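One chain, subunit A, appears in both complexes that follow, with subunit B as partner in the first and subunit C in the second.
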Partner chain A sequence: MAYYDSFVIPFLAGTVFMFAVIAWKWCRWIWLLPSEDKRAISKGVFTSATPKAVWEVISESLLHRKIFRVNPLLGYMHMSLAFGWFLLIVVGWIEAAVELGAGTPLHAHVFFRYFDPGAHAGGNPFATVMDLLLLMVLSGVVLAWFKRVRSRAMGMKRTTRHVLVDRVALTALWFVFPLRLAAESFMAAIKHNGGFLTGGLGDLIAAHMDPAVIAGVNSVLWWLYSFALGTFFVAMPFSRYMHIFTEIPLIFLRRYKVRSGDHTKSFDNFQIQACSRCGICIDPCQLQRDLGIGDVQSVYFLRDRRYGRLSDKVLDNCLMCGRCEVKCPVGIELNTLRSNSRQERVDSPALTRYDYLKGTDRSSGSGRVGYFAGCMTLLTPVTLRSMERIFAAAGEDVWWADRDGASCCGRPLKLSGEVNAARRIMEYNKEQFAAHGISTLVTSCPICLKVFREDYALEGIEVLHHTEYILRLLEQGRIALNAGDTVYTYHDPCELGRGSGIYDEPRQILGMAGKLVEPEHSRSDAMCCGSSLANTVIDDGQQLRIGAAMTTELERTGAGCIVTACPLCKKAIVRNATLPVADISQIVAERLQVSGT
Partner chain B sequence: MDKRVVIIGGGVAGMQAALALKERGAEPVILEKEERLGGKLRDWHRLFPTFTPAAEVLEPLREGIARAGIEVRTGAEVECLSEGGAVLRGGECIEGGATVICSGFDVFDARIKEEYGYGIYDNVFTTVDVERMFNEGRVATAQGGVPQRIAFLHCVGSRDEKVGAHHCSKVCCITGVKQAIEMKEMFPSAEIYNFYMDIRMFGPGYEELYRRAQLEYNINFVRGRISEASQTIDGRVQIKAEDTLVGRPLKMTVDMLVLIVGMKGGSRNVAFAGSGGLTVADNGFMQPQDSFLGNVSSGRKGIFYAGTVTAPKNIGESLNEGVAVAARVASYLGL
Partner chain C sequence: MPQFGFSISKPRAINLDTNDQVPAERLLQEVPELKTCIACGGCTATCTAGNLTDFNFRKMHTLVRRGEYREVYEQMDKCMLCGKCRLVCPRGINTRAVVIKIKRVLGDY
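Up next, the complex of A and B:
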């Protein structure tokens, strides 16, 4: 066999093993996809989604543009390893194809310098390029070492604690490129086939070492290099490095509109194994920041779920505030995966328990606009009263869904994983909304809003949060505000901001009422109030500490009044604040211009 | 050694401690943030379970202080502790051989339980408001009417995880019983309801008073907390609750809703802890050295506690701690 040496065996065995495992995984996951996902894929393949996915693969899997936004140095580290290595393979393949001709075996490309047939008169341009690329990858490795010691310098206060298989793969990976440098340099000492880097080192070695020793060291180095590669490839499919290849099909599937859902399915595997455990999700987590809880973050949740050792303690200890989700460079649907894991485990309560709802109707009034205050709004009656005044001022006829008490929207059950029970409640509410002939449904609670929009499929009914509704009234001139000089600061509720993308409406309203100052973290980076219904592990005192930290930030703005647009957030802030705290509806109701005066 | 003892707070515990220390030959100085001595008791009308007028406790203490010539600094709000004493707002340091912290508790702010509508609805009151009305000699609804139906709600700000108060404030149960009886005496035809989780009658004569409230005064006790309140068009208060003994939800319209507010740790506790090397317990009150032999000691040399600064207590217990702390301070000072 041409271009063969026994040292290539570890590399070859590792490569075959790795690709076999990856192929097995992918084929299995695709095979197990529900038929609607398969349909979505076949519909999407011959559309613009495919070229878009190709571009996204280049920009994210190779260039890691999103990580550059977290920290340029961190971005460079990831890019130099991924893109640098990719180019080493591609350019190496071209060089081998040019020098050795087509049809040469794989190992002859990878270990080209070893099998390089002849001396290159006047230098080899490929060698220069390859040395440059090797230097680029090595700089990434150096940065990776540096990150171990000083992660803060790379924009990360905390980094992931890795499991054994990750450590094995990581160690092998760290050795791969220095060993390549050493092996190619010794080879260059013998064959004089290196570029500026390996060739230069080769000349140095040739000048100072005995040729017999060089030959001995050279063969050992190529063995070690091949062994490091083989080790990495064997560990790879079981370690975090599975993300290298898995992110690619994930990007394509996502472009074909395949998503994770209420129930676990095989597509989840693409998301879970596309997690590189980079740990960017750890720093944004307030459980980490304010409570020092360091083992429940998304990276650990995904890891534990992947290895089948997910505990309730990790699964339930999450505010589902979504701060990590917006930062995840891979764009994994972290909240969805967490809630469908919860669903997986839940032993649903007897669904007959909701039978009492049948036939009950405690709503009142009638109108095209329905108002659903939500449980928490009923517990913060200032908001309800303010909405009553606003509706009256706008001359709106309102159907009051729950002013006198009604059923829950279903989201708290859904967040705890009780999807079937939640569905029962949702169906009841849906019937109510349909029976009363409303065309608009206004709610004061972002938690209700999210579930109405995402799970109810309310045909012919537009669902609005009261901030959206109030802004519409203002824009239509149905109500007007007396502007004052109060300085407000606004807290973005998780479910309203990150959850439903409503950031501008409340700010526009407050801009009409007075002046607005932003806290340090706002909009998609806003803090969670800590009272999230999604977390069933932390106790009240811990909720309070999270709330205190975020309230302090709001008070530091120098505002005279803290405004939010979620009854749950309001309750959390009131407990900690020294400033007055108000729902946005209260500000509007207090500043309403009375018509005819 | 310096015989001067700095007493932070001139409520019943602080006054009693000062008197007892003076008797033992110390030179106490009372730092009181208000303009008059008396603490929370100044706002109280009569005391459970005997309906003793608050003045019968306060006046002898005040007179004793005056007679003994004890130094009293009123309008003196303590910012934090210093080495051997306290720092007043404005920066003045008052120092002595020992410090006794008798700064008491804060009343839970019922506005935090927004669902009960305190500060929003006209006819929602707290037990503190009711005592004030008793003192003013006129109890009436916001509209000026005679209440025909009054509901008391126990445990507002006590044993309530949702407001971070896990502790029992201890004296509110009997306060609710006392005020219910006083209301009944004032308005014999009114219906009076007490909504409770548990009734905890820990003191002498308390259980007996609770029985009398039911048997003689026909006050209704409903086991179940009120979940929310709303205002009716005529300004009354509609409450929703569950009678957990019969397992049924109930709705009721009342003329007055009285929230029996609990005690919480004083707002200065954190500052005291930070400046004096002391510990604030999880419940927000100061942590004494232990619950038994060291219950008026702080664990720090020269710093002692008396009264509700360490936990909810009734008047009698606070008075006892005033005497107890004097004994400890005296032996510390070698008097």
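Up next, the complex of A and C:
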């Protein structure tokens, strides 16, 4: 074979092995996709989704733009390794094609300096470019080492603790580029074919070392370089580095509108193995920040699920507040994956489980607008009273779904994994809504809101959170507020903000009632109150500590009143606050303009 | 006879020596704070399912702790996990975990 030397064997064996494993994984996952996902793919391939996916691959898999937003240095580290290495491969391939002609084997491209026929009159521009790229990748490697020692300097308080296979792959990867530099420099000492970096080092080596020693060291270095590459490639499909290739199909599938769902499916594999275990999800986690629980974060959940050793402790101990999900640079649906893991573990058919609900209708009133307070609102009666006053002021006829007790919405059960049982409750509630002929459903509980919107498929019924409904009344002039000079601060409930994308409505209402100041973390970065129904592990004291830390931040704003829009959040804040705490409906009800004044 | 909405439990004997305490002990291992329960019944008073049926959460976890499991699982199936009981519990017991763990020790998984 042309351009062959036995040192390329570890590299070639590793490469063949890696691509065989990746091809096997991808084919299997795609083969096992449910037919509706396959249909979504075939529908999406010849649309604008494909070029958009290509662009996203460039901007995320290569340039890592989202990580730049976390920290520029961290972004540069990821970019220099990914994009730098990619360019090294591409430019190296072009150089080898130019110098050796087309059709040369793979290893001749990768180890081009070794097989370089030499004799570049007037220097080789390729060598300069390749040295620049190598320098870029090496700077990334140096930053990666630096991050091990001082992650804070790169915007990360805590980094991931890695498993053995990750450590093997990581070590091999750290050695690949320094070994490449050394091997190419020694080769340059012999062949004088280096650029400014390898060539310069090569001249130094040639000037200070015996030619026989140089030749010996040179051949050892090429072996080591090839061996490091081979080791990395063999470990790669089983380690976190599987993300390098998995993120690409994930981006395409996501653009074709394939999503994870209530039940586990093959597509989940693309999401799980696209996790690079970068650890960006660890710092936002309040279980970590306030309680020091350091082994349940999304990175560990995905890792344990991938390797089939997921424990209840890791799976259940999550607030599902979504703070990590909005920060994930790969955009993995972390909450959905955790939910469907819980579903897979516990769910039973539950065909007759909630049959007792039939015939328990205690609803009252009638009207096109239905009001579903939600279990938690029934425990914060001031919210319920305030809504009664607001409805009365607007002259709205209301069907009161659960003022005297009614079924739960089903979301708490769904969050604990019992999707089938939750479905029974949802079916009952749906029948209720239909039977009472409502066209608008208002709820004061963001937990109910989310499940009504996402799981109920209520045709012909518009679902509104009371913040949206109140703002609509204000805009239509059906109610008006007496503005005051109270300074409010607003806490974004997880299920309302990150969960349902409602950030502006409550702020607009508060803007009409008084002055609004924002806490340090707000909107999509808002803190969780700690009472989340998704977590069944942490005890009362731990909930209290999370709530206290978050309430302190709200009180630091200097506001005179803390406002939120979720009964559960309100209860958590009240336990810790020294300031008055109110649901937004309470503020509105207190400031309602009585007609004629 | 007029119905006042309550009744008197039938007299019966509880034999703690012959009852199987293993599930009860497992439950207390998993949710040790249940030992601090003062049986105030707040959980039952606020219970969403309890308001619609005869489901009585205080009775259920008391039965389990005594090693009496008959019909407990079927009764626990009525719970909707809404979490109101946890919010009203004066001892801050993680009642939702109690529900889940009772079902688990009695055979869910």
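Some notes on this structure:
Just so it is clear, the second predicted complex is superposed on the first by the 592 of 597 C-alpha atoms of A that agree within 3 Å, B and C clash if a C-alpha of one lies under 4 Å from a C-alpha of the other, contacts with A are read in each partner's own complex, and residues count from 1 in each chain.
The rule is short, and it goes like this: a contact is a pair of C-beta atoms (placed from the backbone, for glycine too) under 8 Å apart; a residue touches a chain by one contact, two chains touch by 3 or more.
This is a predicted model, so every value here is computed, not measured.
Superimposing the complexes on subunit A yields a three-chain arrangement in which subunit B and subunit C clash. Of the two partner chains, subunit C is the only one touched by A:357; subunit B is not. In the superposition on chain A, A:571 makes contact with both subunit B and subunit C. Once the two complexes are overlaid on the shared chain, A:410 sits against subunit C while remaining clear of subunit B. Of the two partner chains, both subunit B and subunit C are touched by A:540. Legend: residue contacts after superposition of the two complexes on their common chain; A:38 is shown touching neither subunit B nor subunit C. Between subunit B and subunit C, more residues of subunit A are touched by C. Contacts of A:368 after superposition: neither subunit B nor subunit C is touched. Of the two partner chains placed around the shared chain by superposition, subunit B is the only one that A:385 touches, whereas subunit C remains out of contact.
Common to the subunit B and subunit C contact sets on subunit A are residues 378-379, 405, 539-541, 571.
Of all residues in subunit C, only 33, 46, 48, 51-53, 77-78, 80-84, 87-88, 92-94, 96-97, 100, 108-109 touch subunit A in the complex they form.
Note for the complex: subunit A touches subunit C at residues 345-346, 348, 350, 353-354, 356-357, 360, 375-376, 378-379, 405-408, 410, 412-413, 416, 418, 425, 531, 533, 536-541, 568, 571. If you check the complex, the residues on subunit B that touch subunit A are 111-112, 114-115, 117, 120-121, 161-164, 166, 228-230, 240, 282.
By the touch criterion stated above, subunit A contacts subunit B in their complex at residues 378-382, 385, 405, 539-541, 544, 571, 574-575.
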